[in-house]
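Read through the structures below before going on.
Here chain A shows up in two complexes: once beside chain B, once beside chain C.
And now, the complex of A and B:
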């Protein structure tokens, strides 16, 4: 940390305070002096967007909590009251509800950016792992938040997801009863989900701080994926990237506002405006769009897996695959050992990356369909179908999702040629084998 | 660990005569701290288990005389639906006429009922807990004419046994007793 010279006679309150609590030194160090690669493109906006979204979610959530009641008899109506009677309540709720979708959209892009430009590679493994932790916490938070309005989708989503734990051999049922605090999803479940939904975003704030500490250790990666060589390669974060981040924020808030004001329920599900009914399951339960790819992986395992000494039942297999699909991200820095970071300079990975993205998006679409119906998707207003069953498409995509990480990446680490890389960010002359 | 000789002049920083003793003390106090933390966490985690009032939830009595042959009633027990089905001769025959070694969760129809015309099961799919359809006369009863789970497509037969789809187990038969010919008590 840059040192302030001790001067007991300093006049301004800033110096006085900074000497006792070095906030201004800290901000100067992290914003003015923090060297940032000068070639960051717009894909580097999404980290700050995620941070700002998190703050907006905490703010709107806090005010919703002042009007919400977490009791099975009152929850649904308290949300309706927020929508109809509380001054501006509809606005706060729609900002929060659509905010969850915006948050996931931003974080998915943020993760895909990291995948493309190799931001998970040394020395940023811990930074990446903290990101995956944030992602897991976000999923838990969003899941519990969706239960709170106590509509049909809330109830049945909660039932299906908590039941996943019953797949654990021997102790599964005990765990589920413990999670519920009863014999079904009921009042004890709702109250604890509310408490946890309130708490978890603050845990996310904690991990985000660690994430940024880890980021500032080595600084941002960049589209070329090469290290900073000379001072010319960098510019101070402030004002150059603060202004760029603010511009991105403006665009992002326009999109968010368009949903809030013109299509507030487009991303939601109409069944959740029906109060929860433990006796009737809706004909077609689907999770929120941001969980669909993982839901599809869960359902893709519809067969038992015989291991010889033990047979993994389909139900457990699905759960393992679903959690595994996220946990595998932790191992990425060790699965992909190719010395070049950016896919721009990786002739094979560049293409593999897009096949993985297609598999992921396809999984999302299969998650929205019934397993036995023919798979289709809408392309420019046309329904495209190949007459293949949805479950089959989901199985193929699940295979590819995992195979890229567990099979293709380790192989590419060995066989993909290391092409010439630019000498430096400000001197983009190709020099052979300048990996790092 | 604390076995390195340091250059500090402070006597406490000198290497102990028996380094394993110091390691042992560090490990023992660490273990006590972990045990203490676990002990403190236990009452918190334990408070999440079903509370006394939840456990005390009453039993449910069902009047069977109101259910005509071929129909089925849904009652609530412990916050869950229970299916009470008055089976027809054909349904009973279909339930018995099965090679049980072919079933995912082999059980004869006999062990699942107290009286063949009455099938009582918890109406919760053993996959992930949805309520299967098949109670209403016009409901989709699935390929095996019992119940069909809309969530991920599990099909149950007229004995409530799993026949197809991702659910691993048959519909659970709750504890119940005939109080007389036309009344059962569930729970």
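And now, the complex of A and C:
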């Protein structure tokens, strides 16, 4: 915590530069002295983990791009060349491919942390919204990245997802043709997906910077969800949270490396080791695991919705539900107006939260099954099934996913008791009705 | 607390990725073979890979190509440079054009891809009653539990049940999805003459060629696991040190 005061008149090059471009003052302020609540638990590690994962993804991606060829005739083989002939190519590819899964795991936990501790509430609404933008960009990036190796799942996944836009009334088909650059997923599609997949991570970097600027405006929330009251409540970011983040990073890299070195294809689909073939449809087209909950919401709407003046076709309904399931997150700060942030001090929301998490995980499992088969899941090695059709389970879960946001949260804002909150982070005596 | 967090992360990952099979027509799980290349320190058995290559060369290569493998790659199996030159010399490849503008045939070199049996997919289908004997380079990764699956498939030929009518040119195989495969049982006991004392049985051939095809699909497996051991040791020690250092730094922070 060496507190440094920069004197422009001293000779060192750092001072010289800092006087003209205050990079060191900035870093000192934002990374070193930045006062942070002292009670952050390990759930607060996932933001920095996401940032580091993003950097690793960009670095490995850059080296992959040096050897990859985005033409339908060469793409699959160029990836195999990376795996077989490029020095360390197999390592770079496996780090990048598994990195996508790690990134989503981390960001899901990061989002769920925010949901539990009320990090989306005032004054952090914009911070939260920027997070949702990052999430959307990540999904687009991962989707296009998965198309690049041009295996069977790449091709058919791309076909299914781009086809969704054809559900848009009147202009749908035109949009799809425009997206494809032709009349099917083909060479122009692959080439533009490569260009966009290269670009989008840098857009994410931009939004992450805004995300951090917004974060540093009011500082981190904390597990108690109360504002910082006294100086004793905070500690400087460095060394306390730098070392804690480093420790978390160590654990995280162990998990990531375990996948890369010992189960590099576990999270992938075997069909993607068969070159894309537009003439042969795979028996079962499934997206990567991190898209499964949203894929399930898409398929849950298997009925037309008559509005009287207009009937929403099932396909369009599914698309609306899928995009809506993410867009609704933007509205969260206004749907949940309960004055208490942390679920720890919300007797009802505490439980509702977990029912929502269960609905989300259940959606993930239904996304992996066929709609008509009986729903089941594996619990500690045992297959659990209730003989209910998968589509029904998906529909119930989809309902609950939305109802928690659109129904339960507004109601809880009105009826959930406001319990006594701790006086401050360093003085956890409960005081009545502190509000925020 | 930390423990629960990270076991949660891990179990969430496992849960979210439970491989799921399409319903309809029970898929028979292949029997699990104790492969030498399994586990954290797994290594290929070079003797076995050589036998597997022999089976591929003498049996499978009449129908299946192996287009990702060049002769030089076979040095992983323990062949010397001279052996590989001699081996490549047995094959002919088309090269060119030469200075006169003509394509010409020449003996293969170690840097050449092992030539496949057919000029293209159409020719392959024509020779196999319309079915396509796919390229085997990646088969061990292109099927769920690939090594065991390939082994089981080659041992899975049986007489069709009485109530099942087999179309012409189709064979009953209990491990193939749908049970009707266009590939005839490729070998019987004694079909391949091994140089070592390994049993010359269908089971042994199937095991050896499956091991060989696993190497073909993932030639960097040994390098990967060996490097993995070093990286994991490093990361785990680093993490322990970071944890201890974290505890030291945080020792005097009260009420966090």
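Basically, the second predicted complex is superposed on the first by the 427 of 436 C-alpha atoms of A that agree within 3 Å, B and C clash if a C-alpha of one lies under 4 Å from a C-alpha of the other, contacts with A are read in each partner's own complex, and residues count from 1 in each chain.
As a working rule, contacts are C-beta pairs under 8 Å (C-beta built on N, C-alpha and C of every residue); 3 or more make two chains touch, one makes a residue touch a chain.
These numbers were taken from a predicted model, which means no experiment stands behind them.
Superposition model on chain A: chain B and chain C are shown accommodated side by side without a clash.
Between chain B and chain C, it is C that contacts the larger number of residues in chain A. Of the two partner chains placed by the overlay, only chain B lies in contact with A:314; chain C stays clear of it. Touch criterion met: A:43 reaches chain C, while chain B stays clear of it.
When the two structures are aligned on the shared chain, A:372 is found in touch with chain B and with chain C. After overlaying the two complexes on the shared chain, residue contacts for A:183 are found with chain B alone; chain C is out of touch.
With both structures placed on the common chain, the touch criterion links A:299 to chain B but leaves chain C unconnected. Residue contacts after overlaying the shared chain place A:285 against chain B, while chain C stays out of touching range.
When the two structures are aligned on their common chain, the gap between the nearest CA atoms of chain B and chain C comes to 9 Å.
Overlap of the chain B and chain C contact sets on chain A: residues 283-284, 370, 372. Per the touch definition, chain A reaches chain B in the complex via residues 156, 159-164, 166, 177-184, 186, 188, 192, 278-285, 299, 302, 313-315, 318, 370-372. Residue ranges on chain A touching chain C, taken from their complex, read 38-43, 80, 83-84, 90-91, 94, 101, 105, 109, 235, 239-240, 243-244, 246-247, 250-251, 253-255, 257-258, 260-262, 264-267, 270-271, 273-274, 283-284, 286, 289-290, 292, 361, 364-365, 368-370, 372-373, 377-378, 425-426, 428.
Note for the complex: chain B touches chain A at residues 45, 48-51, 54, 57, 74, 76, 78-81, 124, 127-133, 149-153, 165-168. Taken together, the chain C residues at the contact with chain A in this complex read 1-2, 5-6, 9-10, 12-13, 15-18, 20-24, 40, 68, 73, 134, 137-138, 141-144, 146, 177, 217, 219-220, 223-225, 227-229, 231-232, 235-236, 238-239, 242-243, 245-246, 249-250, 253-256.
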